[in-house]
């Protein structure tokens, strides 16, 4: 009962890492939006495994099929179902993990919750589940661009303690895609790639921070008091696998400033009310103010590692485990399209909600 | 369309800072739970203004009235409506702010969204709105305690750069309530009080971090993939006024560790599967694992300050504003019961959802 | 968990027949709609007890108070809370019914479901609960009229076997309010009043059918496949107390026609596509087609009667009961504003949903 | 935004008559329920076209594939996705209907709502959409049977004016399936078959009434005041294609009785509180009372007929249309499994909701 997201632009994802496939049903998509399987595939290719030397070698083409809701290249306003078949399944890697719980993974909690689990792989807790989100996000991005000119860019800001210098106001998709780690600071990116390879060789893993900016967001999106824009963004991001923290604007760093230092003063620019600074991250009182929306998401190091760790079996026996299988030593390069997708899903839903309650958005 | 929260234990808050009153309707409360207005009032007193020298002098008793859903001291299973009347309204303080937008406040965005605003005060964006949450949270806490023995404690962890040393495993409500800043580290608390008074005298404000622990939480709470426990907690906390960030377990600090350092190894303790460390913060794969749930929330410095700032009027004229009215120089002492309430609302809702889908919780 | 209704225009009702009061919170109301307590009171007066010689003598003024969401006579876009206090409570009438279950009433099922019940009256199953619906419906009607020119009229079509002749295309509110039974066929209305008085004198009760028309409804309202307009209307009406059936357009009578007799042929009228007949009742494929929406609702005879009946106590002892208390011998005159309110709530919600997904309504 | 149904047992259907396929995603299914594709296929075969001489000759095998959520024959508690491919598509039949609106069909309203439509067939308004419902209903039925012993049987009660005599207390699935019209009164069934064939030969269509009983339903299901059991059943049934009316228990016929005639008196039977009669149809105050739930649904004559009718084109030109394509002259035999499915979906959702709010059901 937790695989739905959104109110007016509502998605429902399905699928485990092993089984027939994964996908999504989108309910409430506006009609007459041009969309092609290629546009969706472009985003899926950015998240697919095996795309570079620093991701998992699990190699799946992840070709998507649009099953419904699109006719002659345009959305019908009816539910859009998208399916990606599962293919490269080496479930024998999981034989040991059928009984041994991986530390900091979801094996034990799924067993506790449901009393049953598909032990052939990560099941529903696999990052494969995010395929449906990324596919839906591709459509949400298109709608945001067409209806309101919104532009969404995410990128790797930090890997472990290597932090890139990136200007969120000007960074482009091309900058992000210019290297395999998806950090637009190319010098830093090289060091990141080296670090990831080194960690992988040690059978270990690392984490970091993804930053995401949304530009040209209309004023007025966000529904106080519970569905504030930052609240829905926080939920969206913290629902991604491996996330441990969320910030908007000044974030935790803002807590060491005084109000007079922190406040975003207003001024007028070309007849428009704008803020001089953007410590608010584009949201005030839960509602977008027309400035860039800027968030950061903390991703922990991948839980599944080759290094031996202490654990227990599902029967409670204390054992050790050196995980087999093919896993990302660092999820961040592939997390970039996921963060963009979740940003798009939240903004698209709020765009429609605002239009519903208050009429056309500005 | 954003004033509802929860699925099975569902609350709907209402009310602006000025007008008839504020309150909440709780739908889906289990029947036969003993609850009194006094238990609710206890929590409301912890959040009310004027409670100490470091909070706003706005002095409202905030007496609650239970309008429905409780009979002879027990919940009926029907909606519980709770009302707190507004009283100490000095709307003349707001005359200037009727036209001048307070920097980093919600004045401008409410105007942009709705095209209308109650300029007599903070309106719906006032912290007064949280009265409904705290009242509902008091009932959620009671249910969690009665059905599952859950214990929730929040406290001030940091004010600006003053950070307390607190053991989340053992801290008690008494420790928290032992000083007016609600930081259980009493030495640090004294410094915090001094700092808040000093900042207030400067007409400025400060922020900080609230930490919250939930102990004895049953395994299995959380509904992947979107309603993961940490996702709903993040949304809950980021829906509170003035929040800029959320962390669970290791949070952002966890992103500089390797997987082998970060993972919570399993062992067996008195026949139960437990983790040796708790960097996961009590949640793995979006589902509670029986360890303490531990989160942190970043609160920015209060936006409304007496110091003069640059701003604009609603007509776009550039002006300056030195805010009048009575405001907290630091929201954190009063934010503590709000964070507890939101933790309780999330856990209570997930307890009922788990019971619905999977049967009795362990 | 069933006291919420609507998606974008969402209401949450609260309150039992005995206790502090009853009311409603409306979330998602469009901003800048002019609304006064008087407009709401007008509708409440149409449903209040003691309004005429054929309704229950329970005499409550049912004065409403708007607690929030309205400022200087206009909606703010924030939640609107409306409260009506309970007053004329003669709970001693219910002493016997504290233990004896009234046949065909909700006493036994509430006990079975919740294990607790406010035995001082009908509790949550009392028709008093509909106060919140009627108050919210008054606002929904206003929005529909202002945004789209929609007009909603309900009336008593039949009492027992006395059926009025009424033209749904032309009937007015004045026609409906011209007599106490709210049947616009005045000759029939007189007979109905006589019948109701006669039945009341026998300590018995009767039922009948309310018809409701919505005129000038925009095309395009209704969200297939589950939230079809007729599906949401059916739910709305069947959620009213004492309802046993729902029909739209031709209804059950349509089932004895052939397709060629039943279909509504299209033609063009002043450049607009219209149907020649309206057996569809204004909805085709779950979506409004611009013709009048026409529905009928079956209300059973009031369950609580003075005549002696066989029943059991909550301990299962077989007894008899001749109900005390003051009850309507026929609910239909007071059900008219309830049916109108539910029609308005459904149409208003769908108007906003259509605007959200597809842009401005025609 | 209307293709979701249910709260805890939540389904999301997708698919048009033409395109990749149709199906459903079920979110919130309890774990560890045994389910096979064969059990689902059994129900799909009861609704599939071409199953007998009185249904449409459109011949599709409608083989279902379970894509996720089931592992080694048992539900995982994760979303269950089920897909049925579209196959026998003769869209050339629809060339004329691409521009000519079929009277009383959804062509014109879909165009009005979305401004776009898949003109190759009925699109989303095709009865093919119910495949997803019937598949989900098969699982809901299984859960109801396993957890609570509930038994659901629907059957054709009336075709045009031919009404069968059927005892809802004892009728079995075998009785229903004993003839192609699914009317357990075999003499009447023969006449019905003759009538349907005769009407089909005339290029016309007919409607009727389906009745559905649910037996051994636990007490306490239903969530007043909006999600009363009869309200959710009414919505469920009125969301099926071609429905015009809904009744529970005595229905419209109950409106001509007096209260003393209509009320279901209580008595005690083997220590249990039971009603002597069942005019309530198993629901009192919106909550199941342990008696049989009994409902009736009115289906209009099929809108698409071969007989020539007046209509207009999408450009507003007045024309005539004699529909081509293959259509059911009477939808009722195939509607029987749809009504059962919707009954199962409502009861299953309410079973889980009751368990969530109030604990284990009796």
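Note that the chains are named A, B, C and D in the order they appear, and that numbering of residues resets to 1 at the start of each chain.
We take it that contacts are C-beta pairs under 8 Å (C-beta built on N, C-alpha and C of every residue); 3 or more make two chains touch, one makes a residue touch a chain.
Protein names from UniProt, one per chain: A, B, C, D = Chorismate synthase.
Given the structure is predicted, the values throughout are model-derived calculations rather than measurements.
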item	value
Label of the chain whose CA centroid is most distant from the centroid of subunit C	A
Centre-to-centre distance between subunit D and subunit B (centres being mean Cα positions), rounded to whole Å	45
Rounded Å distance between subunit A and subunit B, as computed from the means of their C-alpha atoms	26
Subunit A-subunit D separation of Cα centroids, rounded to whole Å	38
Shared interface positions of subunit D, touching two or more other chains	1-4, 7-8, 13, 28, 31, 77-78, 113-115, 124, 224, 353, 356-358
Overall pattern in which the protein chains touch one another (line/ring/star/complete/other)	complete
Touching residues (chain side subunit A, partner subunit D) in the complex	1-4, 7-8, 10, 12-16, 19-23, 25, 27-28, 31-32, 65-69, 71, 74-81, 83, 113-118, 123-124
Interfacial residue positions of subunit A with respect to subunit B in the complex	1-5, 7, 13, 101, 103-106, 108-110, 112-115, 124-125, 129, 158, 160-161, 199, 204-209, 219-220, 222-228, 230-239, 241, 243-252, 254-268, 271-273, 275-276, 279-281, 283-290, 298-305, 307, 309-312, 316-318, 353-354, 356-358, 362
Subunit B contact footprint on subunit D (complex, rising order)	7-8, 28-31, 77-78, 224, 352-353, 355-360
